[in-house]
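After this come two complexes, each holding chain A, first together with chain B and then together with chain C.
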Partner chain A sequence: MAGSNDIALMAHLLRRAGFNASRDEVEAAAARGYDTVVEELLNPAPESGVADDLMLRYHPTYNHPGAIEINIQNWVYRMVNTEYQLKEKMALFWHMIFCAGHSKIDSGEEMGRMIQMFRDQGMGNFRELLMELSTSPAMVYYLDNCESHKTAINENYGRELLELFSMGVGMNDAFNYSEDDVKATARAFTGWNIAPPYPPFPYGRSPWEFRFDPADHDDSEKTFLGQSGNWNGDDILDMIADQQATARFISRHLYNYFVADEVPVPSWRQTPPKDEDTLVALEQAYFDSGYNITAMLRVLFNSDGFKNARYAKVKNPAEMVAGTLRMVGDHREEIKPGMFELSQEPKYMGMDLMNPPTVEGWHTGHEWIDSGTLVERINFAADYLGRTDLPGVRSMISRLMSQGDSLSPEQFVDSCADLVGCLNLTADTREQLVSHAGRGGALTHGSDAERAEFTRRSGEMFQIIASTSEFQFE
Partner chain B sequence: MSTHLFGLVDVAFNYSHSVGRNEFNGTGFRNPVDMAIDDEGKVYVLNRSYENRPDGVHATIATLDEQFVGEFSKFGEAPGDMYWPTSCALDSAGNLYVADEWLNRITIYDGDGEYLRHWGESGDGPGQFNAPSGIAIVGDTMWLVDSKNHRVQNYGLDGSFKSQFGEFGSGNGQLNLPWGICLDKNGLIYVADWRNDRIQQFNQAGEWQATFGMSGSGPGQFKRPNAVCVDDDGDIYVCDRENDRVQILAPDGRFRAQLKGDHQISGWGKSKLNSNPDMIRQRTMAITHDGGAYEKAFANPCSVRVTENGQIAVLDHTRGRIQVYVKEKEPVLL
Partner chain C sequence: MVSTNKDNVLVVLSLSGGNDGLNTVIPYNDGHYRDFRPNLGVPADSVIDLNGEIGMHPTMLPLKKYWDEGKLAVFLGIGYANPSYSHFRSMDIWHTCEPDSIGTEGWLGQVIKELDPNNEGQGVTGVNFGRGLPRALAKEGVPVASVGNLETYGLLTGIEGEDQRAEALDLFSKIYAPTVGGGFVSDYLRSTGTYARIGADILATATPKYTSNVEYSSSAVGQYMKNIAQTHLADLGTRVLFTTSPYNGFDTHANQAQLHSGLWTDVSANVDTFVTDLREHNASDNVVLFMFSEFGRRVGDNGSGTDHGAGSVAFALGENVKGGIYGVYPSLEPSQQEEGGNLKSSMDFRQVYATILEDWMGLDSNPINRGVFEKVPFL
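On to the complex of A and B.
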């Protein structure tokens, strides 16, 4: 049987490598063991992971949805329900790095297809992922590669590929690439374009298709990172994937996303990483595995740096929304109305999914929180954690009652904090919560009336915990 | 009419024309889920739309020669509203019955769309239902697919419960989230056994008679078939929804033909494009690229009906249109 330390560690893993879990799921996973669960997460089956047929039946716009709202709704549904949680977490990871947004693309279906590409390829070979990205019609359009021609290049994709998608600018005065490398990259990707799609009316857009136009490709000699040849885009990707800078850049992103909040990417040039040892281990895994992301994740999840980094990250809005729903058990069984409103919640908290603010993406960590978004975060979580009719909340209350006929205020608070994710309350917060619990009288559940009151006070305590600063972290 | 060497009567199913376009209101359909067609070719289309566009939820009345007649109802839970409309059928008086699988009720409108009444009670007991998904009316009887209870129920048109058959499972006569239903001229009942990927045939006592199809994408195989109808010759038309096609089976269940979609732009579609030259240009370029394949094809067809004059109407869900075919009983030079 799993002990409390095992359960706390498992809760940590499922928050980071997935979108949280119900208490029942945490305990079941802890019983299987940490190593086993890590391998389960790292080895998702190729299947969808959600009941696509049921979604198509009850939300019949599920396939080929043109509206961006439906694509976001489908994604949040998948975050909450997919059996393959890490796969979905990685889809969000790459969306936060390989940023493209609906505000320019203006096709919800193409945004959905890009996320599906991250879902399909996001745990595989990084070089292949870059190839998928470079041939993604949405990205070709978003970063203007369709406007980059043999006779007149547009540097946008070439620049961001190097600066934001793979190598990064560099450290201090050591630059990873030059302006000439940007131009060479842009020239190598000329001719990488999109076939003409159908317009939205009268029958809906067709899926966009990548199309290489050899007549528009600059086939002349280029020099990239000191190597000269008649490089095409795939040659450039080969060279990028083999750079130490690329290994470091991806490793630091993984650390920032899974372990602990780093400074925003533009500050990486001046700010050393928080944990050099972990980054070195990730870089080693990158090269040893032939650029395999799953191999890097295996090293990461088994590192002490990861295991000890509990509540070292501010939840991003998608994690807050999907994580709360997974914990309380809403929208996890019957497919029902209401997903659209829920899927808008991350936007209200500052994360407009499928529409990042710039190609640089969202600034994470404490920048998720301001006076407006904090209210949204607290209201959302408190609303759901206070709903004692929901299966996840009911289960938590049942566990509270099973601890004894009467709970002291201290027992009650500690247990509630434990049940919402093994939360570490500060002494000051705990003292205030215990004081509040003590004012309500005895916490018993012998009679129907006592059970009703116990239930009400449990929901109230979960809500208060959701409003603490501690709950903003994961 | 002649006999094919494989023993099937030689017929052809030829595309005639299309009706509609994607539109939230007026001359178009938005994620239509079912339709009913009266003897004069007037068609009632249920538009399901989606959550953030509740303005698209209503019924459209048009004709199969693409005349817009009107629209009625709206999204909501009040009497006469629709929430998750899923199926409709006409009675002999021309009243339209609409099943709503979220509200668990049958709402009745007159032929002009005026709300008359509703009935229905949620549950799993006799006379109750959970997610009514398909309805068929013959005389004074309604056959209703009680989907989440995995059964078929028989009601009077006033909602009086008569009988039921079916249970959850994958054996003969068992059902798994069934959806569409129809009756042939002999009174046999055909049910789209959706999650079992097959069509099942019952007699009016609810006794299993035959099963057609299995999971797959080959001839005679289905991927989540959701609607079925039978013409006077006994040919069975099935919306093979996730295979993006309509399959036509002979009365004994043998594969006869499949329709994959042959759309040519409709009158309403032309009128939309005529007001937008840029989209004409985009569409022309796209057709130059793919030869028109994308626009022709069905995308999750979800309802098929055979009209009094023998037209086969297919409701093409994702594209917001009806593709109309005719069954040719004499050889036609294609």
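On to the complex of A and C.
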């Protein structure tokens, strides 16, 4: 039998390494043990992890949706329903770093393919992932590499590859590369292009294809990070993947996403990381494993830095939406209308999935919150947590009732906070909620009338907890 | 409700999806128009003539009286150089004034910051009507309420029972009250929560006060224009009110004749109702309404609709607007068209912004427009 510490730790793991879980799932996972669950998360099967046949039956365009909104809907459905939660969490991780947006790409299908690439490759070898990225037609188009020619380079992809996708501008107050390195990278990637599209008539748009054009590739000698040679793009990727700066940059991103909110990326050159020890361990895993992301994640989830970082991060909007649905048990393992509208919710909370504001991505941490998005976040979570007909909420209420025939206001508030993901309320908040609970009279559930009132008050307490600032964290 | 010294107010209605400018303000005598619009051309005898050369779509009849009164400005050929044909990108360009790089600060977010640098408006100096904040209103540190439905807007709207909800909101105020030693993020969350609640409280006073003799349509545009009128009439200090017609509705690739007529019937009727409503309340003097779309549509029709285009039309309406036609209609001559068969813009949208910013909001337009643009003298 798992103890309450094990349950709180498991709830933390499932919030971070996935999109949250119901209380039943948390307890079942805690009973299997932390190490076992970490390995389950780290070793997803190659399969899809959701009921594709059912989705296809109800959504005929499921396989190759053209409209961006349908791609977003299918993604949110997958976050809520996939068995392979970490795989999906990593797809979102890479989408938040390797930013390309629909506003420019203007093809839902290509955005969907890019996310699928992150899903397929996001837990594998980082050098291979960079290769997939550099040959992704959507990225080639998004960062103008198709406009970069032997005779006239366009530095956009070369620059962002170094600055945002691998090494970062600098660390320890120094710079990681020079402007000449950017130019050399851009030259090495000339000829990495998109095949001319088929005419869209009469059969509609066809998928974009990557094509290397040797005639447009600058094959002359270049010097990159002090090494000279007739470098092509893949040579550059080899050198990038082997940099200490790259190990640090990816480690710090993993830390920021999974452990605790860091300062924004542009400050990383001057600002040391929050937890140097954890970063060093991640970098070590990166090199020891030959750039394997899963190996880094294994070190991460087993580190004390991770285990102790409860509620040290502001939930991002996808986590708020998918995590709430998973906890209350709506739109899970059943396909019904409403997912389309739900998949727009992250946008109302400031995260327009598949359309990050710029190539730098979303500003995370407390910057997710403004007065408009906070109203959306609170009302969304409170509306769902107040629905005492939903299976996850029903189960939470029956656990409350099993605590005793009559609960004190303190017991009631503490148990409610525990059931909503083992939330730690501040002393001030707890005091307010306890006094609120105390004003409502005895918390008993002997008669039918008492049970109905207990259920109502539980739902209301869950709603109030969903409105606290503590609930904005995970 | 006569007042003498009221601050100027800007209302923006964004026609999302790419309104077909060519069938909105129609060069009905131009032979090229007939050649390029064999299926969708509006007959010359049905357009609402403006100057003998161009006229409005027949469904815009409710706006004719404002033209006759000299309160309706029509901007021809509005757009920007090197047009983007993506809805999202082009909308971003109109929202951020940054056609060459990707901007994150909205032009109206900056306006709100300038008008109310210390957030004295408690988050209602600018209000959006719709879900999620359009980039036009985004700026760090500028709280802007975003209202899906003014009558139900607020926090914890899912709590049933008036007393229960009032009690929950009271509790909310207490748990978001300032505290000592919580740290930066906690303080930030508390103050944001407090702003959100105060903003919602302020906005909640708008609908009970409102009475009117006019009837808006039940469409989204109708309801949002009504919410804008309610907010304006409640005198909450709101200076910028923004709304967007339903998601990409103007994207008329097919079946345009019917769709476009329906859209303009709805928009025209509700704009007329809005102005009438304000006039009946003697509250129209300090309001300018600006209507735009992210781009126009292809000159040649595709049989049943039109594809994404470039230069288009926009409108400003208000008691202080100098009505008339501004700019020149871009040539429909094939050799004069933008590559791809589109109208070449002859007026930059930031010229109209410059006028609004300088002559209506009293602000320096150059930092917001990120450049110097010659004003269009419609105010």
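Assume the second predicted complex is superposed on the first by the 465 of 474 C-alpha atoms of A that agree within 3 Å, B and C clash if a C-alpha of one lies under 4 Å from a C-alpha of the other, contacts with A are read in each partner's own complex, and residues count from 1 in each chain.
As a convention for this text, a residue touches a chain if its C-beta (ideal position, glycine included) is under 8 Å from a C-beta of that chain, and two chains touch if they have at least 3 such contacts.
As the structure is a computational prediction, the values presented were derived from the model and not from experiment.
Applying the stated contact rule after C-alpha superposition, one finds that A:Pro199 touches chain B and leaves chain C untouched. Looking at the shared chain after the overlay, A:Gln432 reaches chain C, while chain B stays out of its contact range.
A simple residue count on chain A separates chain B from chain C, and the partner touching more is C. In the superposition on chain A, A:Gln463 makes contact with chain C only, not with chain B.
When the two structures are aligned on the shared chain, A:Asn292 is found in touch with neither chain B nor chain C.
In the superposition on chain A, A:Val314 makes contact with chain C only, while chain B stays out of contact range.
In the overlay built on the shared chain, the residue A:Ser148 is in contact with neither chain B nor chain C. Residues 53, 56-61, 63-65, 67, 69-70, 73, 195-204, 206, 336-341 of chain A are the ones that touch chain B when the two sit in their complex. Those residues of chain C lying in contact with chain A across their complex are 85-86, 88-89, 92, 102, 104, 123, 128, 131-133, 135, 140, 143-146, 154-159, 164, 167-168, 171-172, 174-176, 179, 182, 184-186, 188-190, 192-193, 195-196, 199-200. By the touch criterion stated above, chain B contacts chain A in their complex at residues 21-23, 28, 31, 33, 48, 50-53, 83-84, 101-102, 177, 179, 194-195, 224, 226, 241-242, 263, 265-266, 268-269, 272-273, 276, 278-279, 282-283, 285-286, 288-290, 294-295, 299-300, 302, 317-321.
Contact residues on chain A toward chain C in their complex (touch as defined above): 101-104, 106, 261, 314, 344, 347-350, 352, 355, 357-359, 365-367, 369-376, 378-379, 382-383, 386, 426, 428-429, 432-433, 436, 460, 463-464, 467-469, 472.
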